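Two complexes are shown next, each including chain A; its partner changes from chain B in the first to chain C in the second.
Coming up: the complex of A and B.
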């Protein structure tokens, strides 16, 4: 057995728990920073007091409680959901380059949301997740059909890029036809956590929970699928069910995220690769770590987005693209033959 | 088959061999282009009849109704038509050159990030330092960004075992990253400026005047026309590095010069009309369907089909949702993305 296998969580569960705990602490620390820093930097004690002894008359406390806490919550949920979606889509397509953004799923969801908001009268937020799911499903189905039956990551990725380009062109068309829509939506379109609020998050929570449960229900099948589709089928895994359930989970998770915070790319790409550096087998651990690492990544990205050019803000999706783009290129250079 | 015997055109040291069928294709595309020009000249918010267009073209300037037609034709429609054709020709030629250099049928300037690189530097100069760069030199700012990306991509492409598909995937990653940069610039600009910038990014020709046409024509003369005479070198390069150097081709220099030409063409188009991702893919591909890989014919034919493509896209964009205008690049993308998908679906190396 190699060292990696010795360290794998199946053999040393306490090590994995320790790692998870450590990451959780890092996340807490980052979250605290996220609450304290921003257009107006607050010191540690003020931030802590805002959480422990809330004083409604104190403006600084109000900043922390009303705007930053909501934003933090959105960032955590968005990161965790996207990371799980990334793990699932990389597993079921058996493609290290897969990501809801790169495969056009976010783009499809965004197009349907924009078209729904601007072209269907009387649309309110309650419908938006459904538009997003519809868009995500249609993009996913087109890409899956194009990807073909045979296992071919490159073809799948190219098909995804084409579908993403198509949907982004159509989104731009709709926005140009409705000029007021552009002003309303341009922040949302680049992945804006700042514009999201908790009430929207609460509305998509059921979908997120269902998506997560679906993902967890397939853990055993995913573990078997790692050995290859044929071997998994030999072990009694229903491959078709795995793929369909996995895809439904991906659509629910990334569609909800798009409805709340706009299309945020590359989180689903980066997180699974980062997690695999630490845990290699067992999808229970991979999913668990992904939730924490995804949340950490998006909270960090959001922090960076708010601190980098104070008092202005960069959109979070732009920051994740800056982090994820180079990783994608490095992966292509190393992995694709 | 006697009628298909190759003929040769000699001009000094250049000799161009072509088949009668090639002439047929060029003639056909040219006719199509004429028809498209006529259609584009008549369609618009001020509709003109065929006769009015014809009269307006030749009259120095009419009076009354005729004066209006003359004005519309010469001040609005003609520059736009010419710019559309030039942009299409530039992008399509750039695509052919890039595809032959990397020996990769999918390498279009839009797909591998050259257009995105150019548009980032353009946006920077437009949003951060408006009015700093004179119109004639605007392509230079696009050139800077495009060249950096192109050199990066080519360095990867020429590394021993670098496969064509990896090249495209690296390009997709690069494009995504650069798009994030342009979005950054777009989200924080003044909304009016951003609206026109979005229009420009979508590949629009709505603000074209004779000045832009002159700039485009100048750059096309500088980079496009010489590139068309480089068909021998491109033919050799396509046979692979070993064959090319055995026929006495200095690879390094040829590559550098041709790459520069390709990026110059892309940059001038990007500077005038923004990004049109799929023109550099579809134009060359359509031309290849007709005449294969013989660059002597392929280059002019690709230029013509690119011109036709953008002109049709622009005219459709003006016409379909009139009075609203869609940028030509968006129209081409909505048609082009499915075409690209079709190309991927058909490629043999994916068939498994």
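Coming up: the complex of A and C.
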């Protein structure tokens, strides 16, 4: 029997590392493009010098440093967080159509943020993440209850779509009652990385870190859970704990993102599917790749958002929806068949 | 070994198990048989504490299972449920290695002990040549052997198998039952839900017949595998004959033409 050598825990780890490194390089390159391009395109040497030899008196340097670098950072974090949330929610619901946006979690967070800001007097931006978490939890619980006990991906997805629509209608209603609020929030509501700033990002960083650590704490259970909930339970996975911890992580990650950049959809749907084309077996790799690919997707989307209709901008959330929507339809068609 | 006392389970208003007392003999192969909906799978899940009974308790040796964590139970009892789907993108080797889940944690990932258990499971199920293959490429029979290997890699004294022969052709069914019987002779306590009564009677040391959530009969196949019990449990009218080679009991359906033949022969006498 020759399997002693063949049967080892990691399947070609060097290949997985190489792939991750390559994607990291692609991300770096895209990030550099992101800094250079925009309403005003800068040449590469200027962009590079803004990073390496910063001259505060140079206006172009200031654009790169003060506005674009912050925006890039937000895009990277938002993409990574949404991708991890997507991996988790697809795994714990055992549903390839799951995504924080499709299941209404982003919509719930957005509604609570809008309602909190416009209707609760004295609401400070410091409370924003908590409104977002509360909304995300509420939406998740409602969708879980509507989805039923039996494993039924289609029913869960429909429940999510209904809840997302409901929250979006409620958000619109609140905004209609407050025209000034509409102006202020309209941009944010379609997923506006451009409007986000680093101070908001710093504010949610602890929650993002906790969410990521919770996700990492469950990788082995996620691996076992792929064999089916019953087989995993037989192996000793505490299914209830896995789902609760996973959901808390999803709420922290997507709630934070909504608080910073608004409800950006489809990243959590697209990234896990893209990553599984390359790595499939091990959730440590799936999560690692998702962080990079998620960041890459949102940086690219944000780049497109800024250069497609120059000098105007589309919102980043609209670009991710344009990429994710067709994929979602393709997945539904493949499953319904 | 594995003792259940006063187990009752309800799903809503439906009573699935009704006051079951059961002792699974240690180091033997027990077969759980009964009609569809008689509560076999639920009983198996209760024995592994995957379903919490509304009343009653399960203990392994002297330890009540209710006080143990899922992981602690999984180190003692391996449960292979009926497998309904095949995980995509997983190789056989990766599946078998999942069997070590209850023995691993974040800081201790793959030990010599894990390797030894996995190698032993692979050898017992004879799937060494399949390890690099994706599960989705295998036949149903091969795949089932891989799942069994995963459960064996769990290295538990007790093995609970829910309809392990379902997807297998006859040769693989027999092979698997022989494997279960061999495991019992090596000291494992094996409980399997089986559908084929003759196979159950032939390979199991201990037969448990379930009817409407209660135990109708329990014991050695020779004593409980009777025409009366089969009719009571399954509503199946059968003759019990002996296998001329092994002497094991076999059931054959009582057909109408055979009945008529019997009646007419009696009438002639």
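By definition in this document, the second predicted complex is superposed on the first by the 327 of 337 C-alpha atoms of A that agree within 3 Å, B and C clash if a C-alpha of one lies under 4 Å from a C-alpha of the other, contacts with A are read in each partner's own complex, and residues count from 1 in each chain.
Heads up, the rule we're going with is that a residue touches a chain if its C-beta (ideal position, glycine included) is under 8 Å from a C-beta of that chain, and two chains touch if they have at least 3 such contacts.
None of the values given here were measured: they were computed from a predicted structure.
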(message) Per the contact definition in the header, classify A:227: touching chain B only (first), chain C only (second), both, or neither.
(response) second
(request) Between chain B and chain C, pick out the one touching the greater number of residues of chain A. (result) B
(request) Considering only the touch criterion stated at the top, classify A:237 as touching first (chain B), second (chain C), both, or neither. (result) second
(request) Quick one: classify A:37 as touching chain B (first), chain C (second), both or neither. (result) neither
(message) For A:325, using the defined touch cut-off, is the partner it touches chain B, chain C, both, or neither? Pick first, second, both or neither.
(response) first
(message) If we overlay the two complexes on their shared chain A, which of chain B and chain C does A:217 touch? Say first, second, both or neither.
(response) second
(message) Touch test for A:276: chain B only (first), chain C only (second), both, or neither?
(response) second
(request) Report, in rising order, the residues of chain A that make contact with chain B in one complex and with chain C in the other. (result) none
(request) Enumerate the contact residues on chain C facing chain A in the complex. (result) 48, 50, 69-75, 78-85, 87-91, 93-99, 101-102, 104-106, 109-110, 115, 118-119, 122-123, 128, 131-132, 147, 150-151, 154
(message) For a test of understanding, state which residues of chain B touch chain A in their complex under the given definition.
(response) 106, 111, 156, 163, 165-166, 168-170, 172-174, 176-177, 179-181, 183-184, 186-188, 191, 194-195, 198-199, 202, 277-278, 321, 324, 326-327, 330, 333-334, 337-338, 340-341, 344-345, 350, 352
(message) Residue numbers of chain A touching chain B in their complex, please.
(response) 97, 101-102, 146, 148, 150-152, 154-155, 157-159, 161-163, 165-166, 169-170, 172-173, 175-177, 179, 182-183, 186-187, 190, 265-266, 312, 314-315, 317-318, 321-322, 324-326, 328-329, 332-333, 336-337
(message) Looking at the complex, which residues from chain A come into contact with chain C?
(response) 1-4, 6-9, 11, 217, 220, 223-224, 226-228, 230-231, 233-238, 276, 280-281
